[in-house]
Amino acid sequence: MIDKSIIEAANAKAADGLRADYEALGAHLARRGIDIEAVKAKVAKFGVAVPSWGTGTGGTRFARFPGAGEPRHIFDKLDDCGVIHRLTAATPDVSLHIPWDKAPAADLRAKAEEHGLGFASMNSNTFQDQEGQTHSYKYGSLSHTDPATRAQAVEHNIETIEIGREIGSKSLTVWIGDGSNFPGQSNMTRQFERYLASMKEVYARLPDDWRIYSEHKIYEPAFYSTVVQDWGTSYLISKELGEKAYCLVDLGHHAPNVNIEMIVARLIQFGKLGGFHFNDSKYGDDDLDAGSIEPYRLFLVFNELVDAEDKPGLSLEHMIDQSHNVTDPIESLMASAMEIQRAYAQALLVDRAALEGFQEENDALMATATLKAGFRTDVEPILAMARLEAGGAIDPVATFRQSGYRAEVAEVRPKSAVTGGGIV
Amino acid sequence: MIDKSIIEAANAKAADGLRADYEALGAHLARRGIDIEAVKAKVAKFGVAVPSWGTGTGGTRFARFPGAGEPRHIFDKLDDCGVIHRLTAATPDVSLHIPWDKAPAADLRAKAEEHGLGFASMNSNTFQDQEGQTHSYKYGSLSHTDPATRAQAVEHNIETIEIGREIGSKSLTVWIGDGSNFPGQSNMTRQFERYLASMKEVYARLPDDWRIYSEHKIYEPAFYSTVVQDWGTSYLISKELGEKAYCLVDLGHHAPNVNIEMIVARLIQFGKLGGFHFNDSKYGDDDLDAGSIEPYRLFLVFNELVDAEDKPGLSLEHMIDQSHNVTDPIESLMASAMEIQRAYAQALLVDRAALEGFQEENDALMATATLKAGFRTDVEPILAMARLEAGGAIDPVATFRQSGYRAEVAEVRPKSAVTGGGIV
Amino acid sequence: MIDKSIIEAANAKAADGLRADYEALGAHLARRGIDIEAVKAKVAKFGVAVPSWGTGTGGTRFARFPGAGEPRHIFDKLDDCGVIHRLTAATPDVSLHIPWDKAPAADLRAKAEEHGLGFASMNSNTFQDQEGQTHSYKYGSLSHTDPATRAQAVEHNIETIEIGREIGSKSLTVWIGDGSNFPGQSNMTRQFERYLASMKEVYARLPDDWRIYSEHKIYEPAFYSTVVQDWGTSYLISKELGEKAYCLVDLGHHAPNVNIEMIVARLIQFGKLGGFHFNDSKYGDDDLDAGSIEPYRLFLVFNELVDAEDKPGLSLEHMIDQSHNVTDPIESLMASAMEIQRAYAQALLVDRAALEGFQEENDALMATATLKAGFRTDVEPILAMARLEAGGAIDPVATFRQSGYRAEVAEVRPKSAVTGGGIV
Amino acid sequence: MIDKSIIEAANAKAADGLRADYEALGAHLARRGIDIEAVKAKVAKFGVAVPSWGTGTGGTRFARFPGAGEPRHIFDKLDDCGVIHRLTAATPDVSLHIPWDKAPAADLRAKAEEHGLGFASMNSNTFQDQEGQTHSYKYGSLSHTDPATRAQAVEHNIETIEIGREIGSKSLTVWIGDGSNFPGQSNMTRQFERYLASMKEVYARLPDDWRIYSEHKIYEPAFYSTVVQDWGTSYLISKELGEKAYCLVDLGHHAPNVNIEMIVARLIQFGKLGGFHFNDSKYGDDDLDAGSIEPYRLFLVFNELVDAEDKPGLSLEHMIDQSHNVTDPIESLMASAMEIQRAYAQALLVDRAALEGFQEENDALMATATLKAGFRTDVEPILAMARLEAGGAIDPVATFRQSGYRAEVAEVRPKSAVTGGGIV
């Protein structure tokens, strides 16, 4: 674990500059009628969950290039998540993937407590075969034509709920690879009927205070059709299942050019938005760091969230879902958590009364300028001050590098093998 | 009108070849266990409506290049539609656009009867301003922030229903240009609430035996967001409105790469598919002739339709919606009607029992090969024979050219002006 | 024209806040080792040309909704351009479109001088037919199958050069609508051969100190293929023509997902980048205000330009090319000019030595963070101070509104007709 | 190996039907002025190379689901390729991948001769790290910032040429994964300069009678930029390298909506098309079976090839490059080879004189109908008869299944491990 003294030493050097920037920004915002302290308070309360699997180096179907000190198991991963939270003070929860992270509940709880972490949504895995598995998911899982395979997949989801219950998670995220690679391979209607029937069995076993998320994706690993291809299908699923079922939006799972913030708005309006998998993409499900490609899009998503903040019943789980192929996973997760906070802070700065007025008058230019005024404000001093006050680092990446953590764990964690494709 | 003798003369020359081809295909299909006569009978009963506006030359925002003998008004358009049906025997109905096609109902009925035509779905227009209109649709119509503008748009839709009632139409298609060009210009949630409220007013005035179609489109004329952007939103609309509300799918209104046949399957499964606007596209809403760019996609749509043919309650309106910028509109509409028939005939040839077996066994290769066996069969002899037997032309385009119709009408219809952009 | 006193009065109210912001930013940048004055000096020298046609309200193929006080002719347009430059001090040149802007050279020069404006690249128009034109461009212009049509198009380009010569322009931008709507309509190779032959004739008449730009576009108005579809073809053209031929990049003319900044880099590397048409787009050639959809992409383009700033021989023409359908054209052009300046200023802030180091070490995270540090700095005080010092407005849009200019011109410029589609 | 008797037995049952179909088609084509025998002769001469790696089961980054009897090494792969050629008589050559297929040249030649196979283009691999490799390709290979890594990659390509020389190959295909995942990670210009320098070293070692192909790809495994992103860059490479350098087009490596047949036309026109990697895709580099998603697009590519058939100097290598995740690789490769032949045969049927006439007259409708007349002809009897006459199977997939080959090899080839991602 990174020692407090390291953080304090690093912060000491940057604190004066930060204070000057924070003061100047406060004065500037005051001229715009905004109380910087109120914004900082909201940012300080905002948290995003990190994915346990994100702490390892990802890969593509072509190759995986391992990094140094990759976590060997869920306890190493939780250590890494602890570092991330310690430095950013922005990632209080971890999202687990079963069976990858299977371990005794007490041990999981203990390790999490050690780092002050909780557990976010549980993820089941029926898109891969595990050693010794009775039925293969090669041709599908929850929507497979074979009832025995479907039953196995249902059972796995129920087991995942059970594990989650014991560690304090409150939701199950279901993403499957089911679909087809060729026109005609599957009857798309029968396939979806089977999917719904399986999900209803899982739903029946969901605890009363839990939620289940369906996550849509336009393609990959299936290349002609996927069972849960878009938000329309995801919405149908949540309606068919019931009140505890919601949709989860991953920013990289859409067709090119699609207006994602509008999907967010629609799902909120119809009471079915459950949460996010944050990341960024330029082409497909690229799983790049949040905000690294289209930061304004991320802001526009948060603009919808802030706009709906007071909507009764709205409760969202914010999670990161990325694949880190060329960066240190801890650094990328920290960078993403901060970018997500940044988009939130920028959205908080939008003058909503003015915006509403411009919208009412169809003053498109001033309406969009009002959004942009929030976006282009450099809120870094707010984020950094919130971190500093919470015991985190002013500059988490620099502090992480100074800490020597990676080199340290690399000594006890053996270099992972040069294996074929990467899995994330 | 094109004289029967012209058609007969043209057919006489081609009949022998057709008979030989038809016989050979019959023998081939018999070896595949298919009765060619049964297929032909189904094709003969299949009709697709032509859009009145499609008989004029289209254009882009850059230019419109008028053609010779363009229709001056709805009666000229109905004459052109009569020619199309006469030659193809495949387009028994015409879809009108109000106010473009406004005329005394009795006159419309009389002209249609003259050509043996009926009236398909009515289309309202609130995406343009008309001379003398009180409120502008520049910033929206059914979803406008101003109640008076919304009321005007609602009223126009009701008027369109009234006109349709008098001429025997049974449905209203609502496509609007409402949306926004800039992030923030519109509050997307409020805008959709207003849209739904307006549509409910229209719905309240829908006759009991009518249906209302909402037509989604990802973009254009709005370039940041559209109110009815995809099938998910269109489905929500149909659910909010009620039993008489359905979704209409235009093949060119989707994001790149989207699996349209799957959307068709989903809407059928959930009882909300109402009809089609057929055309083809490579980039955006290109409005090209049906089947001209991706004929296999058109076939895959029909594969879903044939698969669902016996589904209780399924009733669809098939319409063409194209813009003809570089071809003779009559020729393009005939070509499209035949391509749509072609896709239907090919889909009828698919061995569905075999397909189901392969799907059940996850034999992807044979399943897709089974579809392809239908697609790659040259069904032209079936289509041509169906036309011949119905009094149409074996080769409608060639016969049309021989008839001299275009030159004839060009003498009475003045050349239309070189105006700016084209509207379709 | 907007009176100096109006600008001064508006500036007076905002000057104190600006000075405070500028000072704070200066102090912050100093801590980052950047001299704010040096940046401001570069920004002050940076100019982008406005398109004469952009001062009118645009439209789509569906409709055009005119605005108040639209310019009647090139002299009105130049007045509007004068206002834009007066308020922003960022748009010293105007790009003309022939034949839309045809007028006696002396009159053009006089009007431009009145506003302190110069003339940027000339644009020819062979994508529309003009009243009385001998040969139609319905099926192409420079690449038409008919030699007479090609000759007419060549002649028009030469005439456009001639007009440009007389008013001090130094380049010709050639964008054509030539292409095809259906597979097979054109032999794509023959068509390109004809295009090249025509362009060589134009090139032969290009003055020695002129440049010719070919502008590629993936689609629209042609919907299956365009003759100059991408930068690859545009590059081939510039090579075939010779040293005075360059490529012009319009940000909205690419396939979805394409990395435009990389194209910019490649064209610079191979000595063939000539200039830009700035705007923004989410779907197709949406022609929205620069930076309104993906501001980071605009920044990344400028990152390449700043990176290459010292490259010998690099000389670029920066122009805006937009269509304003729902905003006041003057306001949108001002907003875009400022966004373009903003991206330039942000790119100037990038620590290039650090960036190079991170690139060398493959430190992807710090490299991208280094770019982002430039992007997320709020450079508005620099831009506003540069405007103020040049006699422009601190807040050009607000000042424009206060000036009453639009209402004033609306009294002398009659409301334009509700015509069909819009042309831009 | 599949015994001749098995093929003959299977053919015997289907021969009568085939003969009837062939005769009928011959009569039909004769009415269209086409000699079926001439078409068949051309088809019989047409061959496409299969990729050695395609004989194994592919996978995605999420999972690989192995099949039965997967080849253990290049000799198993050559056996499988032998089966494919035996049954289809359409795949005379195999394309190798180094180091995957490294083996003594004499053994390779012997095994190939056994099956009557030759060797097509050699493929190097610098997108993965191999056990024991000195320098990692994590951050690039031929374009790496580190000279030693680049040298290693150059050396590997030279070694690949050496191996190819000994077995009779005549070309090297270079596809690399180099690029970047984040804006700023790489200086795109420097990176391309390094790439070109490395390629020049490889080129210098290319035998005189060899060709080198650069293969572009828009994304994956790099997700922000790739060094050889499109045909424009690939063309530049081929020009920089010299006369023996050509571009290779993979149908799945383009941005959405891109007109690939046009790229083919341009590269032919400028003398730089070298060959193809055939496959099909709906979303990204899906590597699905050729013609399975957009068969008309495949036809349009062949339409360009047939159009240019007599172009002096045109010499192309046709190869398949696919990933078979849910089908038997042998079956998919056979199916693709036949689809490629089909597209070729259909393109041969196009009435080029008529087409040219319609193009000249801008008769778009008849021009595209002329292409479609070729496409919609069911040429299966021609393909099957060509196979039958060459000793292949009328129905290769059915015959393969009847042969029991897969079960047979599954007994000697152990089931491969359930490993993570798949590599293709």
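Chains: A, B, C and D, in written order; residue numbering restarts at 1 for each.
Simple rule for what comes next: a residue touches a chain if its C-beta (ideal position, glycine included) is under 8 Å from a C-beta of that chain, and two chains touch if they have at least 3 such contacts.
Everything numeric here is computed off the predicted structure, so don't read it as measured data.
Greatest centre-to-centre distance from chain A is found for B, with centres as Cα means. Counted by C-beta pairs in contact, the busier of B-C and A-C is B-C.
Rounded to whole angstrom, the centroid-to-centroid distance between chain A and chain B, based on C-alpha atoms, equals 42 Å.
Averaged C-alpha coordinates give centres for chain A and chain C that are 39 Å from one another. The residues of chain B that reach two or more other chains are 138-139, 180-183, 185, 218-219, 224, 256-257, 259, 282-283, 289, 292-293, 296, 326-327, 362, 364-365, 368, listed in rising order. Those residues of chain C that touch chain B in the complex are listed here as 58-65, 127-131, 136-139, 177, 180-183, 185, 218-221, 223-224, 256, 281-284, 286-289, 292-293, 323, 325-327, 418-424. Put simply, chain C touches chain A in their complex at residues 17, 20-21, 24-25, 27-28, 31, 256-257, 259, 282-283, 289, 292-297, 326-328, 331-332, 335, 342, 362, 364-366, 368-369, 372, 375-378, 380, 397. Looking at the complex, you find that chain A touches chain B at residues 138-140, 145, 180-190, 192-193, 218-219, 224-225, 229-233, 235-236, 254-259, 261-263, 265-266, 268-270, 296, 300, 303-304, 307-308, 355-356, 358-362, 364-365, 367-368, 370-371.
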